[in-house]
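Labels run A, B and C following the written order; every chain starts at residue 1.
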Amino acid sequence: MPLLDVQDLSKRFGGLQAVEGVSFSVEPGRITSLIGPNGAGKTTIFNLITGIYRPDRGMILYKEMSLVGRRPHAVVKLGIARTFQGIRLFPGLTVRENVMAGRHCRGKAGVFAALLRSPGQRREESEIRSRADDCLRFMHVDQHRYELARNLPYGDQRRVEVARALATDPELVVLDEPAAGLNEEESASLVALIRQIREQGITVLLIEHDMKVVMGVSDHVLVLDNGRLIAGGRPDEVQANPRVIEAYLGCGAGAAAAPGAAPDVEDARDV
Amino acid sequence: MNLRRGFSRFLGPGGNPARALPRYFGPLGIVLLCLLPLPLDNYLRAVLWQLGIYVLLGLSLHIIVGYAGMFQLGHAAFYAIGAYTVGILNLRAGWPILLALPVGAGLAGICGYIVCRPILHLRGDYLAIVTIAFGEIVRILLVNDAGGWTGGANGLSGIARPAIGGFVFRTNLEHFYFVLVFVLLGIAAVRRLEDSRLGRAWMYVREDEAAAEAMGIDTVRVKSLAFFLGSVGAGLAGGLYASRVSVISPDLARFQESVTIFCIVVLGGCGSIPGVVVGTLAMVALPELMRVVRDWRDGFLGLSMILMMIFRPDGLWPRRRSGLGT
Amino acid sequence: MEFLAQNLLNGVSIGSFYALVALGYTMVYGVLRLINFAHGDLFMWGAFLGYTALTAISAAGLSPGPWVFVPVLPGVMIVLALAGVLLERTAYRPLRSAGRLPPLISALGAAFILQALARNLYGASYKTYPSSVSLPGGVRILGDVTMGTTQIVAVLAALLLMSALHVFVHRTRVGTAMRAVSLDHDTARLMGIPVDRVIAGVFLIGPALGGAAGMLVALRYGSFDFTLGWTFGLKAFIAAIVGGIGNIPGAMLGGLILGVVESLGAGYISPQWKDLIAYVLLALILIARPGGLLGERCAERV
């Protein structure tokens, strides 16, 4: 049974059909990648899954529960955490405070618990801190925990963002171009980390432009073009698919080149 | 976090143990505050009482503006709601002040909650405008004697003084101590909220609302809780005010009052509790004590607001990187 | 029927003043995304400067007839235009890149200063323009529906100024530049538009129109004090929001709607609830259609 099952998903913005009749499923314990040229609708699909947009048509089933109409915070609580294409950390807060945000949905202390400092509340507070530190260690950024997020180098900010997503205890993490702007060495270690995330039993759904990352890490690749799904399969299958090559290189271009030259300009429909 | 260290952290600005003030600072501060009015004359004691009221108002608005980052420019409306509720309960139903105070605070909180729900989605300055409008609506309702209960433009008079057992708070000194208790409790409450799951959620919303929502924070709930709690604080301050001056008028809900409270928070340094105290000193104590320039009080305030924004935009006592991450 | 017509007429006449003041709020918001709280007080200063000029003319032994408006009105407009530019230079420009809150506070500060100046220089009592500046008589429009000549002239002057502004914004190079700046500062700058000068231009025009409105309102209502900027200015500001702030036709429409609704409310419900109607209208508009009737969408971006 798939962890995430998307059926006939469609979304239109004004005159632009961003996503049209897309169906796919994400199997638990695997790394699934969504690739496609700019404007293909990848980030839109992520925003539909995570509740930021509401689909015009179609179903999104997560563990057989419908996600349509749920607000983003409720989706997180069900076990789906995300990162953003452009980094969206809380710039004026420390790294640790950022990651502690991920623990919010697993806590329950309210106003009275906070005012009375009840034993349960204090236990929860120390659990929040220690779990946040675990996630920071896992992403190898715990040495920065008291620094302001905005002062971190770009690569580390990305890692903090992943740590924040992991802190929500997700079963599915949705990573939107985690390798964008990273150099070769940094992306290689990112790939290793994504594998480690899977080894923890967490399913990964990935948008990525860096074909090295995609082909190296994915169990399953989905290719999107103009809002429609045009191919899906194992990385090697997808790489050899002529429709995919055409989508990346345009009509009539030489079929010899692999889709490694994908442009890495950011998707037009940012969150 | 740690109750044994609690007292020293009761009033201090800190959070990070490495930077926390010495352990004796809290109790020492409280003792000094208790001794402060003793050598002062009656007028200055009244000023101190007034400062206490404004610190409470500042703290309550601080939750909404400083933590949750919402521009609330009609806070005085809830101050007035608290004051009028206490006044009406006391005058019409004969309730003792101590019983009416929590009801006034609660009613102000409920009003805050109801008002904020439809407007939470508005962008910063639009929110400011609706809150201004709400403040004016409340003031006009009071002036026009809504329901025949508010006494119109003259307001209410003859509200009783607070009493515990047989002891009635009468003098300025007694009222100062009465308010001081609430101020200290208020500071403790806001500090505890700041360093809690809810307090952090407010700051996430302030920093980046969409990211907060996407990280699992119910932003609507968190923001309306800020409005609720802030309005409770304003209502409490209103009730305390009514029970000392015993005469209240619709002027409590004036826009100028809302602006004063707003400036206490912003000038003091958004997001910092000592900033609220410093802001109150700057906005209320300074003009009050410099009576020679009282005619120019508003002009002086205006000038300092502009200069502050240009030269010290983070406020007089900005929020230090606190120990939330510790 | 006549009652309705009279109220509508009153509403249009008040509304045209709201609109004239609302233009200043809306133009500044358009280019700076700033609520210029000081605008209402600049408008109030228009009334006071006119008062000073008229008193000075009387003191010089001349009897100020209606003709004095011909030199005094433009004079007041020029002084306020300069004041507007000075305000922008000192209180707003240093905060151009400081986010939204600091300029807002600064604007409130400027409003406080302008009010304190007026109160201390003129005193807190009500001021009245000499009755000799009013035009005598009135015009019977329909049955018993009448309108004073002064009122008619004031409304016509307001409409004339608004039309002039409309032509200026849509038919001239500077006006086009203003519209460009209101869309995007950076792009406008890249296109070679001197953004700072355009913004200064907005601060010339807005307060000038506001100052004219100040004199006209003082003339129409007869008396005013230093709180005029707050009471009337806030209403005008609401008019700008109702029409869609940042939108020039919206300000005019919002002003007229507010004037008419208020006047009908005062006529059919009760004059004492007149103010409440304006605020409730504002709250309803902002909740249901936050951008105003003709304005941008402005709920928080996802």
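The rule is short, and it goes like this: a contact is a pair of C-beta atoms (placed from the backbone, for glycine too) under 8 Å apart; a residue touches a chain by one contact, two chains touch by 3 or more.
All figures in this text were calculated on a predicted structure; none of them were measured in a lab.
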Worksheet, complete the sentence: Farthest chain from subunit A by C-alpha centroid distance is chain C
Worksheet entry | Chain occupying the middle, per Cα centroid | B
Worksheet entry | Chain centre separation (subunit A, subunit B; CA means) in Å | 42
Discussion item. Just the number, please: Cα centre separation of subunit B and subunit C in whole Å.
Written reply: 34
Discussion item. Taking the mean of the CA coordinates per chain, how far is subunit A from subunit C in Å?
Written reply: 50
Discussion item. Could you pull out the residues of subunit B that touch at least 2 other chains?
Written reply: 210
Worksheet item: Residues of subunit A that touch two or more other chains: which are they?
Response: 52, 271
Worksheet item: Which residue numbers or ranges of subunit C touch two or more of the other chains?
Response: 302
Item to complete: Can you check the complex and tell me which residues of subunit C touch subunit B?
Response: 33, 35, 90-91, 94-95, 98, 100-106, 108-117, 119-120, 230, 234, 237-238, 241, 272-273, 275-276, 279-280, 282-283, 286-287, 290, 298-302
Worksheet entry | subunit B-touching residues of subunit A, taken from the complex the two chains share | 50, 52, 71-74, 76-77, 81-82, 84, 88-97, 100-102, 104-105, 107, 109-111, 113-115, 117, 121-122, 124-126, 128-129, 145-146, 148, 164-165, 168, 271
Fill in: In the complex with subunit A, residue positions of subunit B that touch it
1, 3, 6, 189, 192-193, 196-201, 203-204, 207-208, 210-219, 225, 229, 321, 324-326
Response to the item:
Counting only contacts in the complex, subunit B reaches subunit C at residues 71, 118-119, 121-126, 128-130, 132-134, 136-137, 140-141, 144, 209-210, 255, 259, 263, 266-267, 270, 295-306, 308-310, 313
